[in-house]
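Written out below as structure tokens is the structure these notes cover.
Per-chain numbering from 1; labels A, B, C and D assigned in written order.
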Amino acid sequence: MKKYNESKTKVSDLKIAYIGGGSRGWAYILMKDLAQEPDLSGCVNLYDIDFEAACCNEIIGNRLSAREDVVGKWKYEAKKTLQEALTDADFVFISILPGTFDEMESDVHLPEKYGIYQSVGDTTGPGGIIRALRTVPMFQKIALAVKEYCPKAWVVNFTNPMTVCVRTLYKTFPQIKAFGCCHEVFGTQQLILDMLKEKYGVQAKRTDLKTNVVGINHFTWLTEAKYKGIDLYELFGEYVKAHPNGTGVHTNPNWVNLPGTNLNMVKFDLFKRYGVIAAAGDRHLAEFCNGYWYLKDPDTVKSFGFTLTTVEYRKKELNSRLEKAKKYASGEAQFVLDDSGEESVRQIKALLGLGDIVTNVNIPNMGQVPNNPKNAVLETNAVFSEDSVRPVFAGEVPLRVNALVMRIIEEQEAVVEAGMTGDYELAFSVFVNNPNVNLPFAAARKLFDEMLENTKAYLPFYEQYKRSRNNG
Amino acid sequence: MKKYNESKTKVSDLKIAYIGGGSRGWAYILMKDLAQEPDLSGCVNLYDIDFEAACCNEIIGNRLSAREDVVGKWKYEAKKTLQEALTDADFVFISILPGTFDEMESDVHLPEKYGIYQSVGDTTGPGGIIRALRTVPMFQKIALAVKEYCPKAWVVNFTNPMTVCVRTLYKTFPQIKAFGCCHEVFGTQQLILDMLKEKYGVQAKRTDLKTNVVGINHFTWLTEAKYKGIDLYELFGEYVKAHPNGTGVHTNPNWVNLPGTNLNMVKFDLFKRYGVIAAAGDRHLAEFCNGYWYLKDPDTVKSFGFTLTTVEYRKKELNSRLEKAKKYASGEAQFVLDDSGEESVRQIKALLGLGDIVTNVNIPNMGQVPNNPKNAVLETNAVFSEDSVRPVFAGEVPLRVNALVMRIIEEQEAVVEAGMTGDYELAFSVFVNNPNVNLPFAAARKLFDEMLENTKAYLPFYEQYKRSRNNG
Amino acid sequence: MKKYNESKTKVSDLKIAYIGGGSRGWAYILMKDLAQEPDLSGCVNLYDIDFEAACCNEIIGNRLSAREDVVGKWKYEAKKTLQEALTDADFVFISILPGTFDEMESDVHLPEKYGIYQSVGDTTGPGGIIRALRTVPMFQKIALAVKEYCPKAWVVNFTNPMTVCVRTLYKTFPQIKAFGCCHEVFGTQQLILDMLKEKYGVQAKRTDLKTNVVGINHFTWLTEAKYKGIDLYELFGEYVKAHPNGTGVHTNPNWVNLPGTNLNMVKFDLFKRYGVIAAAGDRHLAEFCNGYWYLKDPDTVKSFGFTLTTVEYRKKELNSRLEKAKKYASGEAQFVLDDSGEESVRQIKALLGLGDIVTNVNIPNMGQVPNNPKNAVLETNAVFSEDSVRPVFAGEVPLRVNALVMRIIEEQEAVVEAGMTGDYELAFSVFVNNPNVNLPFAAARKLFDEMLENTKAYLPFYEQYKRSRNNG
Amino acid sequence: MKKYNESKTKVSDLKIAYIGGGSRGWAYILMKDLAQEPDLSGCVNLYDIDFEAACCNEIIGNRLSAREDVVGKWKYEAKKTLQEALTDADFVFISILPGTFDEMESDVHLPEKYGIYQSVGDTTGPGGIIRALRTVPMFQKIALAVKEYCPKAWVVNFTNPMTVCVRTLYKTFPQIKAFGCCHEVFGTQQLILDMLKEKYGVQAKRTDLKTNVVGINHFTWLTEAKYKGIDLYELFGEYVKAHPNGTGVHTNPNWVNLPGTNLNMVKFDLFKRYGVIAAAGDRHLAEFCNGYWYLKDPDTVKSFGFTLTTVEYRKKELNSRLEKAKKYASGEAQFVLDDSGEESVRQIKALLGLGDIVTNVNIPNMGQVPNNPKNAVLETNAVFSEDSVRPVFAGEVPLRVNALVMRIIEEQEAVVEAGMTGDYELAFSVFVNNPNVNLPFAAARKLFDEMLENTKAYLPFYEQYKRSRNNG
């Protein structure tokens, strides 16, 4: 049970449940941030379907807590069941990999045989849709467990597809206190900081920029952007005009094989088309648009200065993280306690009443975006205060891009419904509507069925679907 | 001033203004229907930018009224100005051709050079968008004239793009009492009557079918369809399954050159994709979908059993109508007074309090479709009663097709805004988003600019646009 | 299972469940109307908590069916359980008396000790609120039974408080197909027909008047009223001005003791205050207004020309109905087959696809009244068609009366919630807010507690409430 | 033109227009707060219909700026016209007295002859309604002037009736950037701080309390209240239970004649009735409720421990302020530069991008309160950021009090409409509906007409009304 000290400045005995984390990426950032926060302490329950991974993280976490230079002392404990991990938790973090790299391989690369290229494949497009179908049942299960074991906990999701995951949590347990966090918006804010510096020599911080965020995760837009009397929209527009080839040149000759690399050319192209600043990385933005614009074929991708993320690359990346993890566990390596730029610890403090913050999160639409449907999970600014996350009124999505935004909202709503009820025909409806699926009907059907087959281990309703397909 | 007889069964001294009609199509249907209606009489003011055409119609109308077998006696009068035509009108019918066949030629066929094929080109797609831009100012002008000369008149639109026209009327004069009529839905109802007859031997009437209409004009859907205990959805589904090649075979070997000809294969394909009955002709439906599905190239069109409407064909068709008109005017030919199947006269009677009817019309969304934006002009059922047209609650657009519906709503809303304000950049934003414009950015821009140039005579803000393009 | 004949003009084997009916009022009207309808036939299951009453009605119904001059042949059968009555029903009619005259005595007359007079006491005010609290659990039970035994049946409610009953049905079983019918609006339409006759000598029918109905049951308003070119609003206004003492003089010197008697003075007074035509009887209208206007004391009531309905009077009335019933059962008396003016049989036919009608009913707000909350049960016009009742868009409640309408909506919503969950404190909140409860807090509390005590036999959560009151 | 310094920490050359201020109350607080703020400077234009009063304030302001201990240097200048005052203003403050004490005398005391007592009479009730009618045209004028002379300025209103004033600004000039400020909520937060101190010995600050504000000005509610792990609702409830006679005893035997004095007994009574914390002073709260609860007669008022504010008292108070002002102008007295607790200067800084704040303000409902009408001016929390005030989603008004809230929203909406259009019949409709106007119809009419007559000098449409009354 969490406890405030007498002067109400510190909270101890907090209980955090961390679901997933086997991938070691985000888990370590949280550990480091907690370690640097003097006003909070308690225990972190680690749960992963790979129990060994959780145990390894337990060792790493406790090693960290034991360090003398660490002011935030936490006890890490691997748990064998979701129940054990969640019982009485104050906060729940979810950062799982839905399925394995085998399913991801099918998501991302099978469509290539049909001429469909995806730069990420985890949010929309054929890959994003199929990934969503296997993720939804996992989040149903988590939501039910939260309902049973810690209904008043704050649940923070980091898993993709973000919107689908958060929506599933709320559809399954409407009273859940959940939100989703993603740092894609930060990247665009950083880009604006660079522009500010280049033009005015000003070295500002991200939080000094006053931006109004609107949209859905990975396809968010800044509808207002100001910095102390400077209109950042004007600044952005001038920059785009002056930089027809994006923010620079690729310095690494091998850049085409380095996912994440990009020159913001998609972002700038969208600005030219719509006059609105898109606030996510190019490889995400591209996937929400007409497939012929940025993802027609590898050459088109290259011409826009960004890259496709292969699953092979992801595997390599994971391996190097696992190597690193072993070293952390053995003590061979140590975390460097730097500023992660992430906001989770500040959010926790705000939710405990230790200082309000305003930041962008993914939560259901209660009216903050009047021209998007109620309950759709949207990304906007919100006020974090004691035991509350309340959206700030964000205003309408600009008319110019709202058709694109509405399309993905409808797609994801249908996918959640399909995943929860097993109505995979509904999922197919949006699959064939996806702007990257420029295929004849029969080919689209074949691709869908193959992809579904490849992920069937995670689909509770697959057998029924198969039967009805065979009969239909 | 309209007058009711003592027993309140007849109304005389009605004043109808008819704007357009030079094309002779719909004008003659109305004349014939009025001629057969014994309970109404008055005068019809004819206004057309081609005054001679109006004069010709005056002669034809008065000849008709003079016939002994005609029970509905009307006085037809060509008017030189909109003011004269509209002053004190009780009803205003609008059926104009926005621009000439030259502009239509550019709308429909210029995109073919870029590999874009259109089956109609008057509602959406590159052609529909450009046509809308020149139509909007015409409807602004009409709305202002109605406001000044007959603010309490009922205004009935037949011009395409229907949604754009009606929306412009309301945006310009919000108190206008306007609605739009189109008989595309009737065609699908007829198709269902045929199915009923084939399966059950039942010879029912269109009005016996109980259908719930939802959507936007030319892209409407029947979300419920019943006939006295028979579930028409089931019937439709069985029929589609049993008829993989649509409703028949083309009997005319030259069918590819006969616009309007179709086998309902697009309608059936959409049913297979979404499980919803689309209620418009195939050549319209095709244009709202991904360009690669039905309109990729002439072969694809042919494989779906429908045809492209060339402007050359339209010209021929008009010529034959003009020939016919001359004969009517000279007395060489006479109208056959049959049942047109159109509803305008029944609507007029209902609006005069002579009997309510329920039928589908295009009016602003006041809440009849909760998951579409308020004020968007939608096609649903409505109750026509004395001096009122009130929509019937239609319910949500099915999730499976709502993304497609929302896209066209957003497109048309933007086009109206662009047409009214001259913000052609906004129009370009939706032009490049159109699912038939699968072009690289530069090519899309070039096509847009060429098409705009070709229609500039009707664009009040064209010069400003040109200048800003040259500067930008 | 209902069956259509081959020419689709008649339906046989219909199954109607009739819940309640012991009071013999409305049940006999339905029997007579069914008897006169040649196109429908089937069986009517009669269920009443007083089984003997149901048996008596069985005899009466079957006697009626056996008459030679009866064209609508039905088999009446008393059923011992709700399950038997409802199983596979096509239509369910609910017309029950919630509780006995003892509870009604407390509802209506106990408040008089506190200086609160009620003209009906079944809809709002102290009596209406307490009556609602005991009615809600009964309707929860019925809704659950419908869900289990005939989920696709159309459920028609006649019980008061109408709004509360229908709202409870929907809150308990959201997929229910239910609506509520009341003829109060007809009375005002009749009043307008009388005015029409007086001024113009026109003998019109109720359905010739084109009225737009908006509001909640017993507190409805006509926001538009037209008759073939005649503005009925103007007519009404002139009449009110010319008749400061209402529609006539009471001819019976004993009129004060004859409930139902009224001179429309309340209706006219409301018209003077708000300029809107209230469409319910005076004794109902009075109860929704400030208690000092019409119900301050018996003299005030008298001065407005209407009367208080005593429970004693109701008892007498029931007795005479029971006497009559005995005679019907024994054959001593016979129904006269006249036109009841009720719409149930026409509604049944419309729902079977045998002809649409538009009439006013009580259904949840789906958007038909934009300035009232969604889901509140409102009375507006609706289109009855095959297997559907769809509201017609009614528009906003006039600003002048909407505060009054919103108040009763909020009251009834709270009462339903209180009745369903046992949160009687919530009910007390609206009890003390009621404009007829002009009492100090302590007195209001005492009255509420006494009234609740008197109705406790029907309150499933009463014991908990009592305990918390004793503790609190 | 405002200027930021190079390091973006200070803004100079700001232009503030201050409208009103003759009453010297709030104007001096702003002067003092500006004087203590080192990061802002510029000029303040003073405009009052009493030009001498503005000149006096000019002297006082400039004297203050000249003081050595003053860090915020401003130039004060009295202006003869609204145009001069507003041209190019960055901020506009409005704090006027609508009319004179003579009109206020009629507002507050004339109803007493009819047995109606008002504790303030400036927001609702007969006095508030009539005051609103004369205030609306003044705010129309201001809004039009803002539109013409400084359309991008932020406009801050302090005048009552707050809601009516802000609503009028937006209805007249929808693009206005206006909000209304009031410190009534602060008082309740202070009360909670006292409770916290009493129970836990904690000395917290107002901004440490995390409260969710919802409602309309002077009738606001805290739906959530937390302080670092302490549930303030629980605390409040316990306190209320333990203090049946409110927060203390009146120490001054003459307390009945000291307006503002109160024991929070009304607030506590409302908590007992509804279980919700009302966040305004008792004398305001009382006026929104049934007139028989707290304002029946002077004895009832006294029994609830609060007082009626007489206009005589107000005059005395003003005189003492004017005396004081003379001394400030002559230098005989000097401002003490203490912490005012007001937020205007912090709000200005936030709007300039110098640090976001979250606080409660009165702005149109964009969706922050889903069960209140869109565009109604509501009081909720909002985020002040650079050039933006965005409401925080506040959630629904609790069901228990929403009927009361909706009533006042409807009243004020009607009053604004009436004031803008001269439809005083509409105003009368809400006047007779007001829960303090427990009068027979004729008496209510007489009171209304007398009050209107007394304020006619400020009513642009009075003559028409008079004529129609004489004719009607």
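What to note about this one:
As a convention for this text, contacts are C-beta pairs under 8 Å (C-beta built on N, C-alpha and C of every residue); 3 or more make two chains touch, one makes a residue touch a chain.
Only a predicted model underlies this, so the values are computations on that prediction, with no experimental measurement involved.
The minimum number of touch steps separating chain B from chain D is 2.
Looking at chain A and chain D, not one chain touches each of them.
Farthest from chain B, judged by the mean position of CA atoms in each chain, is D. If you average the CA atoms of chain C and of chain D, the two centres end up 45 Å from each other.
Measuring from the averaged C-alpha position of chain A to that of chain C gives a distance of 54 Å. In chain B, no residue touches at least two other chains. Contacts between chains close into a ring here, every chain touching precisely two others.
The touching residues of chain B, when paired with chain A in their complex, are 269, 272-275, 290, 292-293, 371, 373, 399-404, 406-407, 410-411, 413-414, 417, 425-426, 428-430, 432-433, 435, 438-441.
Contact residues of chain C toward chain B in the complex are 2, 4, 8, 11, 202, 204, 208, 210, 212, 224, 226-229, 352-354, 356, 358, 366-368, 370, 381, 383, 385-388, 390-395.
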